[in-house]
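Structures incoming, each one as structure tokens.
In the two assemblies presented below, chain A is common to both, partnered first by chain B and then by chain C.
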Partner chain A sequence: MTITPVTIAFAVLAIFTLGGGLGVVSSRNMVHAALYLVLALFGVAGLYVLLEAPFLAAIQVLVYMGAIAVLITITIMVTRRIMGITESVNRQWPLAAGIAALVAVTLGFVVLGLFNGLLPVADVPPDNIEQLGAAFVSHQAYLLPFEVASVLLLAAMIGAIVVARD
Partner chain B sequence: MSDFTIFLIDATVKSVIIIITLLTGFAYATLLERRFIALIQQRIGPNRAGPFGLLQPVADGIKLFFKEDIVPLQADKVIFTLAPAITAVPALIVLAVVPLGGEVNLFGYKTTLGLANINVGVLYILAVTSISVYGIVLAGWSSANKYAMLGGLRSSAQMISYELAMGLSILAPVMLTGSMNLQDIINAQKDVWFIFIQPIAGIIFIITMLAETNRTPFDLPEAEQELTAGYHTEYSGMKFAGFFMAEYIKMIAVSAIAASLFFGGYRLFGLENLLGGWMGPFILGAKVIAGLMFMIWLRATLPRIRYDHLMAFGWKVLLPLSLANAVVTAVLLALGMFPAFA
Partner chain C sequence: MIPLHWFLLVAAGLFSLGVYGVLARRNAVAILMSIELMLNAVNLNLVAFWRYMAPETLSGQAFAVFVFAVAAAEAAVGLALIISIYRNRETVVAEDINMLKW
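So, the complex of A and B:
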């Protein structure tokens, strides 16, 4: 394996992602854990850039770092009881460990089966936003999942309004 | 030299020039603000340091540099130190996708004025503005001060609320050109600016851009009367200067983005082709200065909006209006009743 700028960038981003993930589970301070999560999400966005998928990278930053992680951070900050917790594990840890092990085994199985050295970047046109948009509304492609996700988001929104009105 | 080396040198030189320009711009934007507000309020403003007070920013910098750097005892020290940097970085990098001019020839080396001409430029801008809220929230939280915390939370709520309307208003130029590339959007405005074709989207963008930069009348995060100074209450010295810098650089950046999306960017009746294409950055600069003057003028004129009014305005007026504007534009475009600029 030769060392190219891409492999160096990949190594840095992988350290961000995995180190961030490690930080999330090992921090005792919840706000720090949330920030490590942001770091991990940023690493994933960088990996999308390396895969020549700038659209996904921008969406990753916009949705995960800019919306979901902000929500998590603020929720933690305004909840004093969570801030007071100093144990790093709770009673549900065996269940979580089991699920994590299952995911790791499944993913490892899939990835190791595919791994024959470095795979080339998938052959897609760089300017594929139009294709993506068309695929979302084409009944041959992702129309049904797209609509189902929309209904789910709408339901969540209505739920939030109902909770806020009480 | 290999292509990669040339690309690396090209990108590094451009980045350094952009960052130095922004830092200088920040220093003189503070002076512009003080002098211009003084003019509006019939005062004189700082005019002692150097001719017309031109050395005032230098004096301010030296003063801030020698101030005591105070960290509150209860503060989360790491995050408290990181917060000003986290605030400043998005402000500095957002201009990377804004084209500053056309192609120029520099001693036989052809290059485009502007750092990155990417196809998802508009999304990049939205993504970077969406993470700029972190610095403020973290500053407020890590100070271990109720007022700072409230300021940080207010600011995040405000930015998240106004981001939606901002995204929907940016949709108008994207739909008209059928591209998220800022260069395409600027080229499409060769004859007529989008502010004249999409006035509602343009005005909504300008309002949300004031909210995103926490400028008057949306400067609630730092409402002095209720929150002392908001999220940066506990900051002093160069850390405070970091927040100050981020605010002014954000003003410059959003002015440049507004100019590119709705006011023709670096183009002005073909004048940008003068001087072998080097005129472009100066035209954009003039538009940015106009944007800064507009924001300063608003600060000198308008009072601050009350917090509940601010939220109601964002959710009940700007969001439905921008949504309706996006839907109407989409329908008109689909029916072919709107001029397409692709």
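So, the complex of A and C:
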């Protein structure tokens, strides 16, 4: 593979993503883990840009890095009194690492066996985002799932308020 | 353009890190964060397959948007549960949360 700006960007974003993920699962300090999570989410947002899905990259930044990361940080701050003392991983961590490695090797074999070196079959249509927006409110496409997602978010909001209120 | 398998390998690595985090971490917030990593890996796969296999369709991005919505709902309810358990039991360590176990 020749080195172009795109491959360099991909390599940097992949390192952000996987390095951030490693930080999330290995940090003892939970605040550091939350910051590593933001790094991993940022890497994924950049990969969306490389995949020519700028709308999803924007949602990733707004919803994940904006809302979920802040929610997680606040939860860590209100529950942190015992955080410094405990071990970060439980006794079965070697087994967990083995299972994770098995998952990684299996997925790696599948990916390299079935999708090795595939290139895009076509270009993304220039009006892709407009089409996506129209599809969400079209009854021939995603209107029903869209409304169900709205109800789900409303239920989650009410549920979170009820559960978290003393 | 970068071949498809590089994106899929990054997603596979991210998913495996999430699996390890869910199985090994003790802090419930860390387990939720690992679940977010796995959801992100799945989303990355959806978008990568959409871009390389069927860029003229909308389903890949649409499904990714629904995964975002479900992930937001899951994070909100999960963190609310953790805060509620912390209020009642003064702990967020997963193996100490055993009120329903006997």
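As a working rule, the second predicted complex is superposed on the first by the 127 of 166 C-alpha atoms of A that agree within 3 Å, B and C clash if a C-alpha of one lies under 4 Å from a C-alpha of the other, contacts with A are read in each partner's own complex, and residues count from 1 in each chain.
Going forward, contacts are C-beta pairs under 8 Å (C-beta built on N, C-alpha and C of every residue); 3 or more make two chains touch, one makes a residue touch a chain.
As the structure is a prediction and not an experimental result, all values here were calculated from the model.
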Which of chain B and chain C A:70 touches, first, second, both or neither: first
Greater chain A contact set [chain C / chain B]: C
Which superposed partner A:137 touches (first chain B, second chain C, both, neither): neither
First, second, both or neither for A:61, with chain B first and chain C second: first
First (chain B), second (chain C), both or neither touched by A:35: first
Partner chain in contact with A:78 - chain B first, chain C second, else both or neither: both
Which of chain B and chain C A:5 touches, first, second, both or neither: first
Touched partner set for A:47, first chain B, second chain C, both or neither: second
Overlap of chain C and chain B interfaces on chain A (superposed complexes): 55, 59, 67, 78
Contacting residues of chain C [partner chain A, same complex]: 1-10, 12-21, 23-27, 29-30, 32-34, 36-37, 40, 43-44, 47-48, 50-56, 58, 61-62, 64-66, 68-77, 79-84, 86-87, 90-95
Residues on chain A engaged by chain B in the complex (per definition of touch): 5, 29, 31-32, 35, 38, 54-55, 58-59, 61-62, 65-67, 70, 73-74, 77-78, 126-127, 129
Chain A-touching residues of chain B, taken from the complex the two chains share: 4, 76, 79, 118-120, 123-124, 126-131, 133-134, 137-138, 141, 149, 153, 156, 160, 163, 180
Touch list for chain A against partner chain C, complex: 1, 6-7, 10, 14, 17-18, 21-22, 24-25, 30, 33-34, 37, 40-41, 44, 47-48, 50-53, 55-56, 59-60, 63-64, 67-68, 71-72, 75-76, 78-79, 81-83, 86-90, 92-93, 95-97, 99-101, 103-104, 107-108, 111-112, 115-125, 128, 131-132, 135-136, 141-142, 145, 149, 152-153, 155-157, 159-161, 163-164, 166
